[in-house]
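Each structure below appears as structure tokens.
Here come two complexes built around chain A, the first alongside chain B, the second alongside chain C.
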Partner chain A sequence: MATIYIDNVPYEVKPGKNLLEACLTLGINLPYFCWHPAMGSVGACRQCAVKVFKDEADTKGRLIMSCMEPVRDNIRLSVDEPEAKEFREHVIEWLMTNHPHDCAVCDEGGACHLQDMTVMSGHNYRRYEYKKRTYQNQYLGPFLNHEMNRCIQCYRCVRFYKDYAGGHDLDVFAAHNHVYFGRHENGVLENEFSGNLAEVCPTGVFTDKTLKQHYTRKWDLTMAPSVCQHCSLGCNISAGERYGSLRQITSRYNGEVNGYFICDRGRFGYEFVNSPARIRKALVRTHLPEAVTKEVALQEIWGELRQARLIGIGSPRASLESNFALKALVGENNFHLGVDENDQDLVDLSLKILRKGPARNFSLREVETADAVFILGEDLTNTAPMLALAVRQSVRQQPLAQVAQASIPFWQDAAARELVQDKKGPLFIASITATKLDEIATATAHASPDAIARLGFAVANLISENSPVVTHLSEAEETMAQQIADALKTAKKPLIISGCASGSEAVLKAAANIAGALCEQVKTAGIVLTVPECNSLGLAMLGGHRLESAFEAIQNGYADSVIILENNLYRCANKTAVDSFLGHAKEVLVLDHLHHATTEKARIVLPAGTFAEADGTLVNNEGRAQRFYQVYPTPEDLQESWRWLINIGTSLRHPVLSNWKNLDDINQALAEADNQFKGILAAAPPAEFRIAGQKIPRESHRFSGRTAMNAHHAVSEPKPPEDPDTPLTFTMEGYRGEPPSSIIPFFWSPGWNSIQSVNKYQEEIGGHLHHGDPGIRLIEPVQTNLTHYFSEVPEDFAPLQNHLFMVPLYHIFGSEEQSILAPGIAQRAPEPYVAICEADAHALQLKEGNNLDFSLEHQIIRLPVKINNDITKGTAGLPKGLPGVPYAELPAWAIILKQETTWKHQPQIIS
Partner chain B sequence: MEQTTTQNEVQFSDAAMAEIRRYISHYPADRKKSAILPILHIAQAEFGGWVSPEVQDKVAEILDIQPIEVYEVATFYTMFNLKPVGKHVLEVCRTGPCMLRGADHLIEHLESRLGCHVGENSADGLFTLKTVECLAACGMGPMLQIREKYYENLDPQKMDQLLDDLSKE
Partner chain C sequence: MFSILRSMGLTFLHAFHKRDTIQYPEEKAKLFPRWRGRIVLTRDPDMGERCVGCYLCAAACPVDCISLQATEDETGRRYPEFFRINFSRCIFCGFCEEACPTYAIQLIPDFEMAEYNRQNLVYEKKDLLINSQGKYLGYNYYKVAGMAIGGKGKGEAINENPPVDVKSLIP
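The block that comes next holds the complex of A and B.
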């Protein structure tokens, strides 16, 4: 530790940081703009100036930029020195000369870093009375507004977009007093992380366009800590509500998971919650009218189910609590996982791999620090976007060694990037088709899943001979395998990334073998596996029977009724199978938030709360159990699935469920029932948790209109709604200090209204939150020196006459069930297609856009062709989950149907 | 916004292309972008003294980079004209020493004589009036530059004479 003197007070701080970070870590307010904890310093804005003194005798000192000056032992600086203060006041005044006086109508107002810094610097009166510079704004797509007049030229947007996130279509133009940040022309910002600009921009140049549709000031939002539901990474988010609709999602800092950012699917996919297709009332189809009260629905359920032989189908997108409640209700033998047969095998295998080790399952933060990465079978940008962002940071690790050697601190961003130029550390990608990360990869291979697995096995064998040998590799494959093996072996912290996206067990096994082989040599080797949904891993841990056996149970008369939990079966099983299953069941009860093909077939539909209207726990791909909290009170009929299941259990006099009252009861029971969930109780504080006898408020102390907003119902203030499940209140009353990290509804600190206030909640800047980051890891690999290797190396892929091997492709905007219902996401989703390579298209006499007819699992599918030469000959890419593309278990062989004759081929009649 | 495409394909002359290739050859094959500034100058000379978006796209194509990368450079430097210019571009120095010697009067005079403001073209399309920062001829101010040539110790009379001469060219 180093001792530094700030205004003559000694502090112990960590060396290696800069003075700005040191001051902020110590809780000292110091204004800044161009510095960002995730992006380092460039010393451009001059806002963080402080005085530094040579020694105690030095009274004059010199002004320096605190973000550019490393912490040195015994350094003496002053934040409050009059000249430093005056300097900062002038800087903000200059920055503000062109800034419009539009806070009142600006979306950023009330959560604006520029406002905060202006007040903090003491620039209270504007003296500049001339014309302000103005710009034309651009259309940037469905996610972001553009208002360049507000720009203060901190350059953070392009530094995030280009340098950090790898975007290509946002740049800075012109110079001097007319610098412009934008695209080269109007158009959609293409990068998948563009939404972070709304948080990275210190003022209102880039703001959330979806928020603008139903604008609310930050202080008027009712907010709760939540976890993103749109992929398996479990990024932490804060969700905000007003007037009963979800208004905004912002990133919620978690030092181990998503850090400061989230992807655009996570940020803008929330609008399905406000969809008109929501199920808001219990429906009993045989009733007139269909919509019934909770009591009538439960009465009906009691009548039908008390005698029924019941099975339950769980869901990988429902909370652990809801799934466990259903399992408890129907009994262990009658609980089926509502997942695709292949996915179930893959997730089970992933779980097994993570458990048995010896490679450690890395968190996203650890991924950033890996110095050699090999990705097998995943298009990360589209399956687990934030993991792709983390990999983008990891390729900087090896070149940064050079920076350290030159004695440049890593946070000296401009200098570090200048020295590194475009050198990248080793990153290898073997994927089904080209991915966005290819541009930063050392080498890539686009191949069929089996070929990817073979390459992986070959790499494993080169690292350790204990892993099986792969024969008949092509020369190119052998060279690449050698190159990858060499890079991984020499790395200090190598990482293998794979997952369920390729649909191949062999790929997962190959990945496990490589990680295992590395662990024989490098103890710090890591593995990350993605799984299909936000709680896929949790559901797999909970365990249950296959979906197919549920179908059989009904067909064979073993059971007659089914409860389906938050699941559209048509997305995880063949249409004819589901039709027949739902047709044969005497009673079909579905709990879900939105109408879909399965709810259409149900006789009883119960309105389940989405993540915004429910509490629950999800287990992400790392095995981290994280709690999400209900954001706002809902009408009584709309409630958590687990609460419905408790209601049903109580009405059926179920011996276990009748005793459950709230979330903690379920978690307690889960922790007792299953040893692997023992840790879950530590994931978040229980409902009776209090600080100074008080709960934690979901609303800010500035929340307005609490009586007025209900005045059309009653003019007297209603009793505040209660929350029996959590230590949070739905009102503004409660403990105003800092709560434990897992129950922070929003970040705020006096003088810090923007999201930058997270500084005040961290142990050190960019580090962990106070008392540890939210969530608890339920999976730790066994510490062993013995690696068990998978031995089944697949044969290489061989094309088949008149067939195409259908492999899954993914789209960040489109493949996920719920986010696609948000209008902005839908706008970004592609049209349905099937991707084949030029050679296959030629052989089939097809051009881009022509229809290809094929038969897949007894369904006849017609889709327009997209030519993609990265797709292996003999295989075809089918976008998974995209609306308009029917479900099929992938990968699978499709039979090509003969082309219809078109007018061109019709015989000509010669008269 | 609708994007308009030009009917006329932007085409460099053989001589210009040879010059461009020579500049590109100065840099490693994967660092072609390094030649961007001289090539923009060639492009500006080649296509009537300014670089249109189409010309910039062509430069991007030659250098194997995205158009946006050319735009950010071309918009940064004031020596690249982004709007059509007259036959003669008058670049009047407006830095301190020239100002002390009457550059402001000279600019006013030019504005009234040409009937346009700084940054605009004269009505006859012959002249473009620009102001620039110091051209390192402080001893001879006020002064202006037309292409590579300096005209020094100017006053309104000398200016009129110069414009008349240029008009006749």
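The block that comes next holds the complex of A and C.
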């Protein structure tokens, strides 16, 4: 610890940081623009000036930029010194000379760092009388709005976009006093993390375009802490509502998970909640009209299910509580996981690897600090986007060692990048096709899943003899394996990333072997496995039977009725099988929030709350249980799936469910029933939690319009809605101080209205939140010296005459079921296609865009060809989950149909 | 004793003073322009809607009786999609007028708003928007703001230079 004197008061601070961070950590308000905790300092804005004194006797001192000066023991500085204050006031005055008179129509207003810093610096009157500089704006796609006049030239946007996120199409143009931040021409910003610009830019240059369509100020949003539902990483988000519709998603800082950022799927995918395809009323198909009240629906269900032999189908995108409630309702033996056969095996295997393996399952934060990474079979940018962003940071680790050697602090961003240049730490990628991360990789291999697994097994064998030998490797493969093994062995914190996306168990096993082999040598080796959905891991931990056996149960009369929880079966099983299953079941009851092919076949449909209308817990790919909270009150008929299940259980006089009243009851029961879930009680405080006798408000103290927003319906205000499940209120009344980290609805602090106020919630800038980051890890690796190795090395892939081996490809915008319903995301999604290599196309006499007919699992499919030379010959890439591409369990062999085959079936649209 | 007599005398004299009580409603009270009565939404000198839907009035309102939703026309001009004031809650403090950056919302010298049914005190935009600038003449927010709207491109606001040519390196 170092002692520094700020305005003559001694403070103990951590050495190695800069003075700005030290001041902010101590809670001292010091304005800044260009410094960002995740991106370091460049000293561009001159806003963070303080005075530094030689010693006690020095009264004159000198002005320095606090973000550029490291903490030194016994350094004396002053924040309040008049000259320093005046300097800061001048700086902001200069920055404001060209600033437009826009606050009233600026989407940043009320959450604007520039507004906050202007007030903090004391500039309040415009003296500059001359003309303002102006710019033309650009069209940047469906996600971001551009208003260049508001720019203060802090360079944060390009530093984030290019340096941090690896984007190529945003830059700074022109020169001196009219630099321009934008694209070289109008067009969609390509990077998958572009949405973060809305938060990174301290002004209203880049703002959320989806918010603009239903614009609401931050102070008017009803907000709740939530967890992103669009992939398995479980990034923390804050979701905001106004007038009954969801308006905005922002990142919610979690020092262990997503840090300051989220991906565009997570930020802009929320609009499915406002989709016209929402189910808002209970439907009983035999009724006229179909829409019925909650009571009628429950009456109907009681009538139908009282005598029924019931099975339940769970969902990897529903909360742990909802799945557990269903499991309890139908009984352990009748609970089936609503996932595709292959996915179930893969997730089970992943769980086993994480549990039994010696390697630690890294959090995203730890991934950033890994110094050698090997990715097997995953296209991270499209399957787990934020993991790709973390990997981008990890390749800086080794070069940063050189920076440290040169005695440059790592946060001296410009100097560090200058020294490092293009040097990258070791990153190896073996994937089905080219990925966006390839550009920063040391070496890449594009191969079939089996070949990827073989490479992995070979690497494992080179690291530890105990791992099985791979025979018949090509020379290139051997060299690459050796290169990878060497890099991993010499690393201090090597990391293996793999997952379920390639659809191959062998790939997962190979990854496990490498991680195990590394652990024999480097104890800090880590592993990260991605899983298909936001709660896949939680569902696998809960456990249940296969979907196939649910089909059999109905077929052979073991059961006659089924409850399907938040699941479109047509996305996880063959159409014919699902058709026959739903056709044969006497009663089909579906709980979901969106209409889809399965709800169409259901006799009773119950409206379930989305993440914005429900409370629940998800287990992410790290095994971290995280709670998400209902954002706004809903009409009675729209409620959490688990509450519907409790209602059903109560009406059926179920011995367990009828005793449950709220979320805590379910969690309590779950923790008691299953040892693995003991930890979830600690994931978030119980509903009775109070601070100073008060709940935590979801609304800011400036929330407006509450005596007018419903006045057109009835001028007398209704009783404020209550929340029996959580320690949060739906109103502005409650405790105004800092709540525990897992129930922070939004970040705000006096004088800090923008998201930068998160500084006030951290133990140390950029570190953990006070009292620990949200979420509880449910899975820890075992400490063992005896690594278990998988021995099933697959044979190399061999093409088959007249066949193509269909492997899954993913798209960040398009592959996920719910986000694709957001108009912005849909606009970015590709058209359906099948990807084959040039050689195969040539052999089939096909050109880009021509239709390829093939039969896959008894379905005849026709899709336009996309030539992709990174696809192995004999294999073909089929985009998974994309609307217009029928479901098939992948990977699988497809039979190529003679191209003149008469066309019988249209591809069915998955909706 | 003397003071009592004096007070009685003074009181008696008032009988011969000019009367302050007026015969309302036959006779109207004389109110000054800054009198804080009924709230209106005004228009700019070009008769465009002045309100830009910035929500500041709503935030300033101590009884939270203003609620609105901002929206944009196809040219990017912001205006309120709906604007509602619940006058059964309004305390006529004038904070909204003070907060308004565009002079859109103004309190005017009219207090004759009594209703038998409280529900009728909920005013929507059609009840609030008037065809006048109200008491602040001449101000047009969009003429000074940097946003481009229909009829006003970038660099065409008051005190603005034409847009920068980003391809030029000339100082």
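We adopt the following convention: the second predicted complex is superposed on the first by the 900 of 911 C-alpha atoms of A that agree within 3 Å, B and C clash if a C-alpha of one lies under 4 Å from a C-alpha of the other, contacts with A are read in each partner's own complex, and residues count from 1 in each chain.
Throughout what follows, contacts are C-beta pairs under 8 Å (C-beta built on N, C-alpha and C of every residue); 3 or more make two chains touch, one makes a residue touch a chain.
Keep in mind that this is a model prediction, so the values were computed, not measured.
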| item | value |
| --- | --- |
| First, second, both or neither for A:Asn186, with chain B first and chain C second | first |
| Which of chain B and chain C A:Ala175 touches, first, second, both or neither | both |
| Which superposed partner A:Ala711 touches (first chain B, second chain C, both, neither) | second |
| Which superposed partner A:Lys132 touches (first chain B, second chain C, both, neither) | second |
| Which of chain B and chain C A:Glu147 touches, first, second, both or neither | second |
| Touched partner set for A:Val105, first chain B, second chain C, both or neither | second |
| Greater residue coverage of chain A in the superposed arrangement, chain B or chain C | C |
| Common ground on chain A, meaning residues reached by chain C in one complex and by chain B in the other | 173-175, 180 |
| Residue ranges of chain C touching chain A (in the complex, touch as defined) | 52-56, 58-59, 61, 63-72, 78, 84-86, 88-89, 101-102, 118-119, 121-122, 124, 141, 144-148, 154-155, 157, 159-169, 171 |
| Footprint of chain B on chain A - complex, ascending | 139, 168-169, 171-175, 180, 183-186 |
| Chain A-facing residues of chain B, complex | 1, 3, 66-69, 71-72, 75-78 |
| For the chain A and chain C complex, residues of the former touching the latter | 100-105, 109-110, 130-137, 147, 149-150, 173-176, 178, 180, 212, 214-217, 219-220, 243, 702-709, 711-712, 714-716 |
